[in-house]
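Chain IDs A, B, C and D follow the sequence of writing; residue 1 opens each chain.
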């Protein structure tokens, strides 16, 4: 979650795409977008098809699925269970379990990684999901065959963050993955959005991996298929927008003259260089800049709720015998 | 902490006074200000002397002491202990323990109230202080006389918030106070600031009481001497600024032309009606408006730290035998 | 939960009754017992009908309902929901909501009290229940009439324990009850059992009130109808047995020669005076006596689970519109 | 902490040695014992010198240092700080930092492992210590040389337990250690004692490693120098005695006729086969056997306190510039 404050920074492919469309006035070449509206949610499937498109969007080539639902913010368990099911179905569109297993008669072993800092509420999504997840790998071999048929071996780790461990998160994971040898890694993390409307209202699933933490300036390991040598699904929910972004956006809106009668204003502000403006904002937001986050008031409860929704979705996705309507019964 | 989003709302008398000075170009009549710089901190003592001054500032008549120190945000225990001592000394300037006790040979009983919601990190200061506070009332009568001489009977309550209990906080407190009959109430709460620089960097102590929660529109009980029928000290630390405020301030700074070469801009923006502008910002920040807070990234740890500092300060203030240099030893 | 270590102490009427039957060889006069076996649970309804029976059992006159189910210890949400429903039905046998309301056209206001110490896991049942409970009193008056018809105004308080607040718990409650004026109080607490088999496997509901804490030797307020001037339902689950009890019981079993081939042993041990034996055990268990508890290994998770079951049961019991099959949907 | 319920099982070398002495009537051959009484504590240094001694004690060859102090249970910060200093000094007797570093001019990297389950209070010592520990490895290289001279690079991990992760703890550690390549591992864990008097009153430090968890019956990796290929210091505090042990011990005491006038009893009980007796106790303690723990009432607070003491001791031991009298200042 702690990406540098590149402006306007966003972890969401859907926002990157919207920005690019806005900038260029049309769909970016090499970007395929599919939108679907279902009950309580809108699903957007974006494929970044080549390097050029990746550069235009600032997102690696691959698939990005966004499930947007304001119901993620409401305290309605029934709809939460439903959204777990939606998430499971979308996740499983990106995973071919049969091809992952090491041998023909084996189920693939899945390692779920809960990224983020359990001591910083908006960053605690990953650890919360691990807390609620059904972990089965240690029981799998000793289970009767008919039980085993309906489940897959799942293991889990919440490695902490650099400030807590003194170790790069990806280093910890590389060590554990080398030893445990999973067939699929699913990495869950809190994300940064550009627009407040996406906060706690969007689940993003991608098959492109993730780079945790802000780094120390050196080239680092990614939690990616290349570095981890195992397929990686990244799954996240935006929980903060940074303060520079939100101020910048509001000023942009003002510049677009929403309701301002003074027609000159727009022109004047339009002449201010964009970079100049952002530097100004940064200077003004000092001395706290970069350390201020904008987050929903009820973030503690929201994290608890979406932690349950995501864990429930993973349980349904991984274990064929867990039915969508029973999702609550398997939450830990 | 959940005051209505009056704009620019602030719980801090020091900000109200600065705003008033800015508006009127001079000190407000009936407001007395005394500033003192000490090691690691600046102390500002404001007295709101009459009703007119109170209206000008939007703060009730009484004393407001502000201890400002950026060191509150740093993880330096030694300075934290020092600041507990500073806080204790300032608090005790507002309290005459001798006159509070019911009889000549008795120490006054002190009830510390930890306002706020323990499930919402930035709002959890009050409950954290109660967690760390030395509670002695139940041991007082059975203690040997020489021990009793160095301490006062202190009790504590974290009543929760309306959403958790279904009861107005002040109703709970009135009931408990009627029953326990303390001689002094100290109410600790998270505050809302207007300026980011005050976040987690300011302790405000006042003898004017406090109105918790956002209310349901009806006239409610205050945690004040009038309503509780016992002297009330309010003590708080700002942990959030609201998102409208921070956007508004940044735009104001832009309007003051910090670094903008375009001289027309200032004039143009200056013509925008202030109320108009705030309505615009609110509209833009929708749909999350009022539910977004701006808070420091490390708020979980900051709350833990300042909870300790305040509890330590109260321990030193209340108990003559607890020396400033031993403040850590008595934290629970 | 912190009753004196009277030996063999128990909070469970069902254990008191079994002990009395064992001692006297038949049902105690004035004690009516009704047993019912249902799916997954056995329900025992004990009525202590008069003072003599109360003295024989060490339990106040009134109704004691025990729901015993080993499934309370298992991590099976579906059965947990079912047991919430069972609990709700039994609780409602002790409450006539119509007669409680102040006026004919009003629903009675219910105050749920979560007794115990949130910092001591086995003692944290009460606060956990409050955490999960649906609180409605503050929304009730402003709800549309058709919604209001299906719910009752419920408020909640977790007052802490004497060691945390410096105030007798019953004093806090008396103050709040005088102010809030509820029509029914339901007090939830962790209990002490004599037999390990009852740990986390038994819900006791009674209409006789409860005396919290261990006291300072003086006569104290009870959370009873007499002292609180409002009907009180006490509801608890045993989470600890004390160490003296468990050692004592095991030795008693040994004395009853379960599997011992040596027939003399029984006789010899039989000659040891019972009081003598218990004093010996206490001496041996020193220096930690009274401070050691015997509790299930997974107590943290068990408390979390039964906290949910009890809160779910209360929600179903209080609000006519919450159906048993939807119990999970209303947990906070 | 979850060793099999071998009876009488203990993690403490000092108890193993006492049992062996009791059994044989004299010091075990190949066991060297050195005792020292200091203010507030008694230190016992046991060396298991060869394989025969190891078999007699059931403890691997190596050094075992025990610091026993009842003050660990008391809430006195000043003495806690002092005991951190004592612990640091004893730990450093087992470690030669100079010989550990990879090159002559480098400080050795230390990895602290917090074993145990953060969701089970008595088992949470390891994770608590990690929570409080000063972690420096990620700051070390970028620190100015004079700062670096007074500290060593320390990193930390709380890997969880098999039931939470689905992965053997030692597998996780082996993976991380292979990757991070520390020069010393310090593994902190909650221990099981045989005698209640040792609960939360004893710190054991050894250079023999540790086998976490209860295992699945197969030969497993140990957190030992052999398996991890790096020196391992194990450090623990007993937080539970198992219920079989405590019952067994009490009966043994009874058999030794402490205060029993009946001289035949002892003889009779003496004839009961020891194994027979333990099987009886296990049968009686069913159905909860093995799942009941005996733990101090205030275990939540005790774990918090000793977590601080141990973390403080490690900080002082690792970093030459942290003085004993400042131990509190560096706790996280």
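What we mean here is this: a residue touches a chain if its C-beta (ideal position, glycine included) is under 8 Å from a C-beta of that chain, and two chains touch if they have at least 3 such contacts.
Just so it is clear, the model here is predicted, and its values are computed rather than measured.
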{"item": "Greatest separation from chain D - chain, by CA centre", "value": "B"}
{"item": "Pair sharing more residue contacts (C-beta pairs) when B-C is set against C-D", "value": "C-D"}
{"item": "Averaged-CA centre spacing for the pair chain C and chain B, given as whole angstrom", "value": "40"}
{"item": "Between chain D and chain B, distance of the C-alpha-averaged centres to the nearest whole Å", "value": "44"}
{"item": "Where chain C and chain D are represented by their mean Cα positions, the distance between them in whole Å", "value": "37"}
{"item": "Numbers and ranges of chain B residues touching at least 2 other chains", "value": "none"}
{"item": "Residue ranges of chain D in contact with chain A within the complex", "value": "130, 135-139, 142, 153-160, 162-168, 171-172, 174-180, 216"}
{"item": "Contact set on chain D toward chain B in their complex", "value": "75-78, 326, 328-332"}
{"item": "Sites on chain B touched by chain A in the complex", "value": "119-121, 196-197, 199, 243, 246-247, 249-251, 253-254, 258-260, 262, 264-265, 268-269, 271-272, 276-277, 280-281, 283-285, 287-288, 290-301"}
